[in-house]
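Shared between the two complexes below is subunit A, which pairs with subunit B and subunit C, respectively.
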Partner chain A sequence: MVEIRSPSVGKSWSEETRNRASEIIASYPQPRSAVMPLLYLAMAEEGYLTDHGMREVARRVGLTPAQVRSVASFYTMYKREDPGSYLISCCTSISCMLLGSDEILKAIEDETEVLAEQGGAEGLVTVEHVECIGACGGAPAVTVNYELIEGISVERAREMVRWLNKARPETVGGAELQELFGGRRSFDWGPFDRSSAVGPYPAFGPLGTVSIRSQSQDGQHGE
Partner chain B sequence: MSDPTIITDRMSRFPGDSHTLDRYLATGGYQSLPKVLKMTPKEVTEEVRGANLRGRGGAGFPCGVKWGFLAPGKPAYLVVNGDESEPGTFKDRQLMERDPHQMLEGTIISSYASDVHHAFIYIRGEYPRSARRIQRAVDEAYDAGYLGADILGSGFDLDVTVHLGAGAYICGEETALLNSLEGRRGEPRLKPPYYPAAKGLYMKPTIVNNVETLSNVPWIIENGGEAFSSIGPDGSRGTRLFSVSGHVRRPGNYELVMGLSWRELIFDVAGGIPGDRALKCWIPGGASAPWFVPDLHLDLPVTLDDTAKAGSMLGSGAVVIMDETTCTIRAAERVVRFFAHESCGQCTPCREGCSWMERVLRRIEEGSGREVDIDMLLDISDNISPGLAWPPRMTTICPLGPSAVSPILAITTYFKDEIMDHIHQGACPLG
Partner chain C sequence: MAEPVTVTINRREVSAQPGDLLIKTAQDNGVYIPRFCWHPRMNPVGMCRMCLVEIDTPRGPLMVTSCTTPVSDGMTVDTTNETVKKAQEGVLEFLLINHPLDCPVCDRAGECPLQDQTMAYGPGESRFVEEKRHFEKPIPISELVMLDRERCILCARCTRFSDEVSGDPLIEFQDRGNHTQVNTFPDEPFRSYFSGNTVQICPVGALTATPYRFRARPWDLTAVESTCQHCSSGDRINLQSSQNRLLRILGVDSEPTNQGWLSDKCRFGFEYVASPARLTVPLVRNPQGELEEATWGEALDYAGGTLREIIARSGGRAVAGLGGARSTNEEAYAFSKFLRAAVGTNNVDCQMDDGLDARLLARVVDRARIADLDKAGSILVWGPDLKEEHPTLYLRVRRAAQELGAGLVVIHPRRTGLDDRASVKITYQPGAGGEVLAELMAGKGRMAEAREVLSQGPVVALLGRPGYGEGPDLAEATAAFVRTLADASILPLARRGNVFGALDMGLSPGLFPGRTQRGTLAYQMLADRWGDIPTASGRDCRGILEGLESGEIQAVVLMGADPIRDVPDGDQARRALGNADLVVAIDQFLTDSSGLADVVFPAMGFAEVEGTITNVESRVLKVNRLAPGPGQSREDWAILADLAARLGVDLGLTSAQQISGEVEEVADIYRGVNWEKLDWEERDGIVVGGDLGYVPVYGECDSVSPAPGQMALHYARTMYDDGVMMRESPSLHPLAPGAAAYLHPLDAEGLGVAPGDRVRITSSHGVLEVEAEIDPSLHHRVVYVPFNQPGASSLGSATMVTVRPL
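On to the complex of A and B.
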């Protein structure tokens, strides 16, 4: 169960994160190329991208904090304000729009407002509308912490917001969300993917942002 | 009619585990690689050139020719463009999630052909599952000796780094992608003077290939360039993955031999329109492409050249279907909004023009438009893309700005009455 988070801003990076940063930098011919993955690391450390985080990145890749901020501000997924525990991104681009995404977005916004009015939910959920997320065959689609739900309906979208508030899962996984709230998919996703996102940034192993809730049968991570 | 399948064969036969190394090996995977390592790099390039494989990212440039342009400087790099973000497109996501080793083997072969020893796979940030499956495939390939030093005892070394984007469509443009990979803002570079093949990543010779393009390469080596080139019509060889979405009964990705008609693609392959409503228009090749309408285009063959001749493009292979209930002004607003949002801001005509057109379209859609708005939309468009020609001319560094002109031309050419109805009724006539 996730409590409404007050991020521990300004703390030095953990040893694990420092080591991971060094490995990432070493995987590129030039340290500057590691700016983007390190910005994700900084978000994973503090929950979002702080000035402190950007300074930590700058120091490690040999740039000034201003240069790092100039890169970070170009990309929409580097959140420089705290999105809370769950970032709900609702696609409203052409294919999703044709199949009713504007009503989905309205329902999600409405449901989170109701929660906020009931108190306690502030800072838990952030809702944004985004441009095409590549789920057009399963439109309308939304993501929670970048984990995808395809073929969602207005009713299911409302349920999902209520579920997030009630269950407050520590991590969210696309396969699980799809089972709970999804419908038609763009294509067969294959076997149940046990990886899940631990915060409002993409769940990708090398960035330390992926959680495996339970071992899959073949004992291998990620699927 | 059953089309040959190349890139979706494994995933359709083995949906349970097509993404694993075991399944890849059990279905002929990594058998092209040892063959390639016994050939000279030049022979590999010639084989792919002979396939007449045109790039599947949007521009349709012949793949083997692109490799041939690589300047001799060292080190050279290969970058896999997995930044699929064109509205309507979800094919590369399927290829990365369902058959990552196929793409990876194509990457290794291409790297060998171009004497590249470090390749990068740039995956859009919104595709974490793609990134996880590609990363796992990379890890498996290292463990099995298909990546790393002295691959299969050949003396050829290759490292692969998986790089995650962070939500910027423009990074699908190859020079913006290179800037992004260098840790910079994803702003396209001016071409000329420098093209990636001569001065790309870190100003070194660089090849940028799309996910689908590289996914075809193992098959081409296995079966020969000639076999690939014997599939499909001239100029549109091989199969192609189409992402079909919008108002159709069976949306999805379809691997097809080109040359069928749009009618067949929309009504036979994708099952037609729910409720048997009438087809109003469709986008034939991703949000950047000029729209098609049934009266003029339904029986045209789906090929790169026929589509270009008719004033549009197959682009990224994304087909977005709109039925008679669609407000085309609203649809155009949504597409233009996308380009306004994704403009990198370097060039004034695109940065200002796209958001200006977005506001004018919204005004018309909401019923506050004026007749002069039509001329204004065309005037702004002309500032971004002088002469409103096809292929577009540009006052901008990259084609993003001119892409926003496509929906403007569609509604002012085919749906002018609908614009006028909005203006005269002071509301959307479709409710």
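On to the complex of A and C.
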């Protein structure tokens, strides 16, 4: 099995992450303003947001851990439980819902259950339903690790889960996913930036998590 | 004051200050608008929507939350029309959707704003038939506070208090939407010195205090207003008892002092009153050397007889008195009169060698009032960590710096509770205070910024002793410097609830009732009334202990004093008391000191006696009784009057109120201060004295730095310690931090010590073996040891110590 992430849960932050945190804090007039980007940083560091990660953020921005947790627990994109290697987010807002997202969600859930019953896929996939992801033109849409697939169908959704289990790609890319499992696209999303594909947490360019990975691996995520 | 505006509330015109909130203006004019989240001492949030009212706007009537709407001229408000009523019913129905309605088993029932306002403004019945949300109930969020999240209506009063007022936001909203709950961070409890306030302001029964849970129903409580005597801020409190047992203390919103808030020590530190360890009968040491129960007559005869012999043999100056700073003014006056007029000695001190010069405390020029903090341009705090020793002043300074824009300079050997709000924080090595002051006066280097802040007048300086490693002269020299700043005033700080009252009653060698000094007209009038006042000058606490050790003083009367625990050098106190021919103790407990006494008289105390106290700003406040004293205990003054009679002197004291009248006659500054006024129209107290012209003198303070191999000792008080009142308060005693050696990380590294390793601290006075802790807030080469912790021996009044790993 491919070791997809090096788990560093509970360890103190790497020097790179610490430097990145200082940079982010320095870009705001008040340290506490940096709480949200730092939470993404903490997620990237440990794979998800742990108590340890929230404490580290609190210490750096001068808030109490309770205040940081208040922010972290308000926003659903801060994952406080390990989402595994692939986070599948199925949009169930109105456009997608009208075009059958309920069935797609059900199919994905069903397929992951089958995987779970077969064993060997622990910590692989987390399925969630989300509000509008801004792809109404390409409904129904899902994201895998925040990489978009438009015009997905029930059958393709099932295939996608099976493929994730089989191929276990280190990173997933929107272009590839769209080609393999997508349908009609709403418009051309432009060239795919591989450096922005980082894992089951969003990659926020200038202040977020992306550059850490791209710096550390020279922008290469190797297949 | 700006030009007032006119607002029409329910067809009645009222005038208000522009900027006032509508809800407040309405309340001030007799119109109560229901509310949950709004609290007059906190910023509004408009969260609960209960205070909706209708105002007229150019575009027609508009519903607004009156807690977030400032009044404006010509505003027309309706708080009772059908639309408003419908809104109130709707809000209450909504709030009750998830509220468990478990009022029959809820502590808050009977005094619950949700219950009361549902009765007054709510719908008769609910339409909600679905399942309510469920949480584990109740969960402890600290040793003192339990949280029932099902009852919570998410008004954010508790979270705002801990953020805005007390500055320790350890509770916050977690999760969102229908799952929103108040909670702490996992394994980081709501360990705040002010947590009890959240319980008091919770508008439902979500937060309850462990010492009070299920003890009483509000309608069974007897209540009386009084004043807290733990620290010298003079916090107004409401004592509540059931069946003669004190059960709860609530804060009273008194503008000049605590403004409704209390520290947990004040709120929960009353359990000792009903402790089974309270003394109930007089004790006399028998020939075998054991304390034995005696009748009052026997005990008084023995104490009086022996005292009489000593006075006959060696004169009054062979007798001394210690204590009185925990008593009422009336009792302190009796003590003063007893020692001076009946015994004939000026050896008396209410401070335990841990305070400042009595003249500075009692007579300083340009004395500040607490309220001056609100108008201050800048504040200088150089003394004890206010959060530990003067919690209410801490809140006032915090508010001034955080909400009212005052600059704040904090100078202390380690971190303090105010650091996060300080414009400038100076950390220094105890013993080097003189140098730090010289730097501050020069305003060079790191002090330039501090001087810049302090150039903003009016300046209020809160000065005291940061720890026992430093003498009282530093505060005095600082006071002298502060007077050179523009528009400066000084608030000198000292420990113990009524230390200022005790000084006012003359419990200091050179002071007499009314803060008078020898050679004044007032002194002459006092002498006329009291008869013989000894002319020999008296000794202060340290002098008394030295005199006892050397045998020059043979007898000592302790009135609510435990010098072995309280003076920095407890071992000296132990030797002194051991060497005395006679130790008479008037106490509530058998303490380390009273346990060594030859005669112990059981005394009544807090909540059992009526009288007055005088707080840090010379504000005289009433204390009241609510419970009987245990057993045969009596009031201090009555014991002293009887003891004086055994010496053949009639002190002429007949009741506490009579003493209060006598104080009014002999102490000029107390003229016009009587119980009648303090009980009714002047419940916030009467300020006495004012500026008595003592000019602090700048003296070079010794500056010592640690010799090679030594470290400077920061030996300071914490809120909870091993003093007898805390020891007998089971809810608070476990919260004492415990003795430990706090070391700077570099020092710990140098010693090869990791957190938790045991170290031995050796001072010239004692040895202490404790665990090491790391404290990066310390100055290099300083070890911090909390004073008087459970199971810890005393290090004495040393400035330099050695620390060795074990």
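A few notes on this one:
Following the convention adopted for this analysis, the second predicted complex is superposed on the first by the 192 of 223 C-alpha atoms of A that agree within 3 Å, B and C clash if a C-alpha of one lies under 4 Å from a C-alpha of the other, contacts with A are read in each partner's own complex, and residues count from 1 in each chain.
Following the convention adopted for this analysis, a residue touches a chain if its C-beta (ideal position, glycine included) is under 8 Å from a C-beta of that chain, and two chains touch if they have at least 3 such contacts.
The structure displayed is predicted, hence computed values, not measured ones.
In the superposed three-chain model, the partner touching more residues of subunit A is B, compared with the other of subunit B and subunit C.
By the document's definition of touching, of the two partners only subunit B reaches A:C136; subunit C does not. Applying the stated contact rule after C-alpha superposition, one finds that A:F74 touches each of subunit B and subunit C. By the document's definition of touching, of the two partners only subunit B reaches A:P29; subunit C does not. Once chain A of one complex is fitted onto chain A of the other, the partner contacts of A:G190 are limited to subunit B, with no touch recorded for subunit C. Looking at subunit A, you'll find residues 63, 70, 74 touch subunit B in one structure and subunit C in the other.
Residues 163, 168-176, 183-188, 420 of subunit C are the ones touching subunit A in the complex.
Residue ranges of subunit B in contact with subunit A, taken from their complex: 11, 15-20, 75, 84-90, 93-94, 97-98, 118, 124-129, 131-133, 135-136, 159, 161-169, 180-187, 202, 243-247, 251-253, 283, 287, 318, 320, 322, 326, 330-331, 334-335, 337-338, 341-342, 344. Remark: subunit A residues 27-30, 32-37, 39-40, 61, 63, 70-71, 74-78, 92-95, 97-99, 130-139, 143, 146-148, 174, 184, 186-191, 193, 195, 197, 202-207, 210, 220-223 touch subunit B in the complex. On the subunit A side of its complex with subunit C, the touching residues are 51, 54-55, 62-70, 73-74.
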